[in-house]
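Following this line, the structures themselves.
Each of the two complexes below includes subunit A, the first together with subunit B, the second together with subunit C.
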Partner chain A sequence: MSRVSSFRERVAWSALSTYIMVFFVFFWTLPQSWTDRAGDPKMSLLALGAFVLIVGAQWLGRALEAPKRESQPDEREQLIALKADRIGGMVTMLGAIGVTATALLFGYNAVFLANLVLAALLIGQIAKTITQLVYFKAGA
Partner chain B sequence: MAFRERSAWIALITYSVVFGSYFLLLSQTWNDAYGQGLSIGLLVAAVVALVIITVALTAVAALLSPKSANAPADERETLIELKAERAASYALSTGVVLLIGALLMGWNGFLVANMLLASMVISELVKAALQIVSFRGGVQ
Partner chain C sequence: MPIDNDIRRLRFENGEMTQAALAEKVGVTRQTIIAIEQNKYAPSLEAAFKIADAFSVPLESVFKWSKG
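Showing the complex of A and B:
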């Protein structure tokens, strides 16, 4: 028997699909636009702006568009959000450690490092959203 | 004092002392060599010191209250930890977004790597401080 998705589960699905669509295109086209010397910082700045916009839109969507009876997250949804934040935070932290070590050991150029950090941040957000969806389906 | 509160104090003090000294030394001796990534030896020394001090202090704390150290976290302690990790994850993400901007504006990659490390340390300090506040004042 199928189960009706809650509002917050639908927001998580839309965030996941947006991250994948936007950043798949970005990271797919990035190597093609890369020259011998460096990548284009404008493109990475746009990607960073898109990332902030998607996170902000999710937050605003949850705050403004929630149906009346789901305006406040219940205890289960709060626990799911906290557990997902934990996973997302761990993944981002691991990525940040990796990028710091890479930067100090190999010293790649700044735009390349910026894209690595952006990838770490993005993977952290995707891990957080997937954790939310898994818990929504399986129970926290 | 519960074992988990003691652990939070240990983390707060150890991170403050070890990385406070690291960043103080780095800022006073920053030169072209550090600008080319040669601060990695200092970083390795800081991490080794952090691990040794944390392990030693945690072992002492566990010996002082063996029952509490071996007991699984109760519901309140789990909630305190999850909420502190959420705040730490937000602090880290904010630092990471700002540092991507700094890299794209052409800052030195090695300097940004150290600032990324500073973001991670700040996020750990936020986590430990929030845990202590919650243990003392009750979880909100």
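Showing the complex of A and C:
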């Protein structure tokens, strides 16, 4: 029996690889800005813009490229999406709590904290996408 | 999973119906049919009835629940 990926599984793979590729530089620069507790606002805005563009492009791509019979997710795909949203949401929430605690305890400047918030959002998205891929492989 | 099924046999008995053809009849993706057939995913009641209807057999001829 051949294992053919569904449209949504392929979308998840492309999303994961794009997140990792585009934000590699961003995550690379984050530890460097940690030492001076500042961060580069240009890099943050660039990363934020890229993040919005990627999510927007994925929505558009899904709407335009979905095969006709797969235009709506079926019940298993909806269940996987819900489970992945839950995990991704929990990771993002933990990240937000971590950033808040960092701000309260150490009082870093706004740009550096914005970098941390962005990192939390991205890690949440990556966790969500990985969860989707795991459930697509496992069945549901 | 305590729910077993005879989808593979029923497909064979229905002229080697393909997973894609069954998926089309049920209104799910082929990957979902594969997951159900391999007991990796328990379908909703509606999808289960649709699968039984695709083979023109009652629900209990497709799915079996083993207690414990």
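A few notes on this one:
Keep in mind that, in the parts below, the second predicted complex is superposed on the first by the 128 of 140 C-alpha atoms of A that agree within 3 Å, B and C clash if a C-alpha of one lies under 4 Å from a C-alpha of the other, contacts with A are read in each partner's own complex, and residues count from 1 in each chain.
Here is the rule we use: contacts are C-beta pairs under 8 Å (C-beta built on N, C-alpha and C of every residue); 3 or more make two chains touch, one makes a residue touch a chain.
Remember, predicted model here, so these are calculated numbers, not experimental data.
Looking at the shared chain after the overlay, A:M93 reaches subunit B, while subunit C stays out of its contact range.
Contact with neither subunit B nor subunit C is seen for A:L64 once the two complexes are overlaid on the shared chain.
Between subunit B and subunit C, the partner in contact with more residues of subunit A is B. Using the contact criterion defined above for the overlaid structures, shared-chain residue A:A103 touches subunit B, although it does not reach subunit C. In the superposed pair of complexes, A:D85 makes contact with subunit B only, with no contact to subunit C. Contact with subunit B, but none with subunit C, is seen for A:L45 once the two complexes are overlaid on the shared chain. Of the two partner chains, subunit B is the only one touched by A:V117; subunit C is not. Applying the stated contact rule after C-alpha superposition, one finds that A:E77 touches subunit C and leaves subunit B untouched.
Chain contact summary for the complex, subunit A toward subunit C: residues 1, 3-7, 9, 69-70, 74-77, 136, 138-140.
On the subunit C side of its complex with subunit A, the touching residues are 24, 27-32, 34-35, 38, 40-41, 43-44, 47.
By the touch criterion given at the top, residues 36-37, 39-40, 43, 79, 82-83, 85-86, 88-89, 92-93, 96-97, 99-101, 103-110, 112-114, 116-117, 119-120, 123 of subunit B touch subunit A in their complex. On subunit A, the positions that touch subunit B within their shared complex are 41, 44-45, 48, 51-52, 79, 81-83, 85-86, 88-89, 92-93, 96-97, 99-100, 103-105, 107-111, 113-114, 117-118, 120-121, 124.
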